Amino acid sequence: MQLHETNAAPPDRRSGEDERLERAIDAALDCSQACGDCADACIADGLPASLRQCVRLALDCADLCEVTVSLAARRTGTNDEVTRQTLQACATACRRCADECAPHAEAHAHCRLCAEACRACAGACIEAVGTLRRR
Amino acid sequence: MQLHETNAAPPDRRSGEDERLERAIDAALDCSQACGDCADACIADGLPASLRQCVRLALDCADLCEVTVSLAARRTGTNDEVTRQTLQACATACRRCADECAPHAEAHAHCRLCAEACRACAGACIEAVGTLRRR
Amino acid sequence: MQLHETNAAPPDRRSGEDERLERAIDAALDCSQACGDCADACIADGLPASLRQCVRLALDCADLCEVTVSLAARRTGTNDEVTRQTLQACATACRRCADECAPHAEAHAHCRLCAEACRACAGACIEAVGTLRRR
Amino acid sequence: MQLHETNAAPPDRRSGEDERLERAIDAALDCSQACGDCADACIADGLPASLRQCVRLALDCADLCEVTVSLAARRTGTNDEVTRQTLQACATACRRCADECAPHAEAHAHCRLCAEACRACAGACIEAVGTLRRR
């Protein structure tokens, strides 16, 4: 993955703190894919009533993971408060989606994988929030 | 615009509150375009040093406006806390971008338009936050 | 809408041709919203079997409309061939989605609005393709 | 990566052909990140004149990679022509961006990584196009 090499370059990115931010980026990339796959599979399966809420929370979560990746990768030096609030919204979306998908984990592999990726991403986002200054 | 007509349809969207959410959607659509145009114009102009932070904040803001539109339009009934946090992050991004662009408003039309759209969107997002239940 | 005012600014955008490109941007913005609303409404309705393909084509179409807006608004002077191919893919996605939604137009307002927006967008994209040089 | 496990599930995805499509998804995910990193680094560096076109082509390319991932992962059975045209537009964007970044590869690590990811993605997209029926 190229992230680590190029992220070292820009002069106004702070090293040290960035490690946790990069873990959040990687987790959000994984989670975005898992949520998208879960939503697509729910729809392809004809969306049984039990999965109706699942697909919507997964789409919300995928959207927030993508914006988290964009902001955390762009790493605008003076925009820490925005990144912090975005990471928190992403973590909330991940937890909500995981809570919805987990009960379907045995019946649907895509729900199990989605719940796992969501929990990992929520944890990584909260870890990264701690590295950003509150303003 | 189709939004109003179709938004009335889904059974689990609450009317009344939705008016402010739809204003936030419209404002975020406008703001996303204005931020994208501002960033593009900054880059096309060769990005003078004075606009370097401007382009990055505008890209962050455009990303958050887009996810706000997606979530608010999807209007997942049980995901209000996520939508609420996203609207707040969007409002913060809008205010930061407006503060950066406003001083360049006389020199660059794209900065003036961007600052105006950002302030309008921040206001509409905060208005909409009030309609969503805290959980 | 801010587009017209700011689009005049960057020195390497060609005037004249840009009018049709801006109509494509406006049509793709409308279409992206209409497709997103249609997909959301299909899911909120519990996705009856008749609408299963509809939601997927609408999601594909919304994605292509969004990238069309980004590229056409960025209007990278030397990237005409990429913009041209993107406009064509967008037009194809719009036509496919319209063909799927139109038969449901009487039963579902969101399908009718989506089909209308798709046909308008397909037409505007094809018009705009003609303004871009083939390379 | 979760993709392979979940992609096996939906009944209307055709196996065999999907392997090349999944390689395209993986390559487009990598390329989207590399292009985003390159654009961000160009801007953070103050966008010297030599990199001005680079950042715009990288933003175009990142946008097309993202839509390619979405469509190829959704894999709408009856939408092959749209996916095919999107893969081709993505390959064109990748080649254009690689041609622009390659001359800066020695001076800027982010340009080198971007050019490499672009060439890999262009190749994977063209491979995947061959698996989709022309309609």
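Letters A, B, C and D mark the chains in the order given here, with residues in each chain numbered from 1 onward.
We adopt the following convention: a contact is a pair of C-beta atoms (placed from the backbone, for glycine too) under 8 Å apart; a residue touches a chain by one contact, two chains touch by 3 or more.
Values in this document were obtained by computation on a predicted structure and should not be read as measured data.
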Interface with more contacting C-beta pairs, comparing B-D to A-D: A-D
Centre distance in Å when chain A and chain D are each reduced to the mean of their C-alpha atoms: 21
Geometric centre distance via CA averages, chain D-chain B, whole Å: 28
Overlap residues in chain A, where contacts from two or more other chains coincide: 40, 44, 56, 66, 70, 74
Touch-based graph of the chains, sorted into line, ring, star, complete or other: complete
Contact set on chain D toward chain A in their complex: 1-3, 5-7, 9-13, 29-30, 33-34, 36-38, 40-41, 44-45, 66, 69-70, 73-75, 108-110, 113, 117
Sites on chain D touched by chain B in the complex: 40, 43-44, 46-47, 49, 52, 55-56
Chain B partner contacts - residues on chain A that touch it in the complex: 53, 56-57, 59-60, 63-64, 66-67, 70-71, 74, 76, 78-79, 81-83, 85-86, 88-89, 92-93, 96
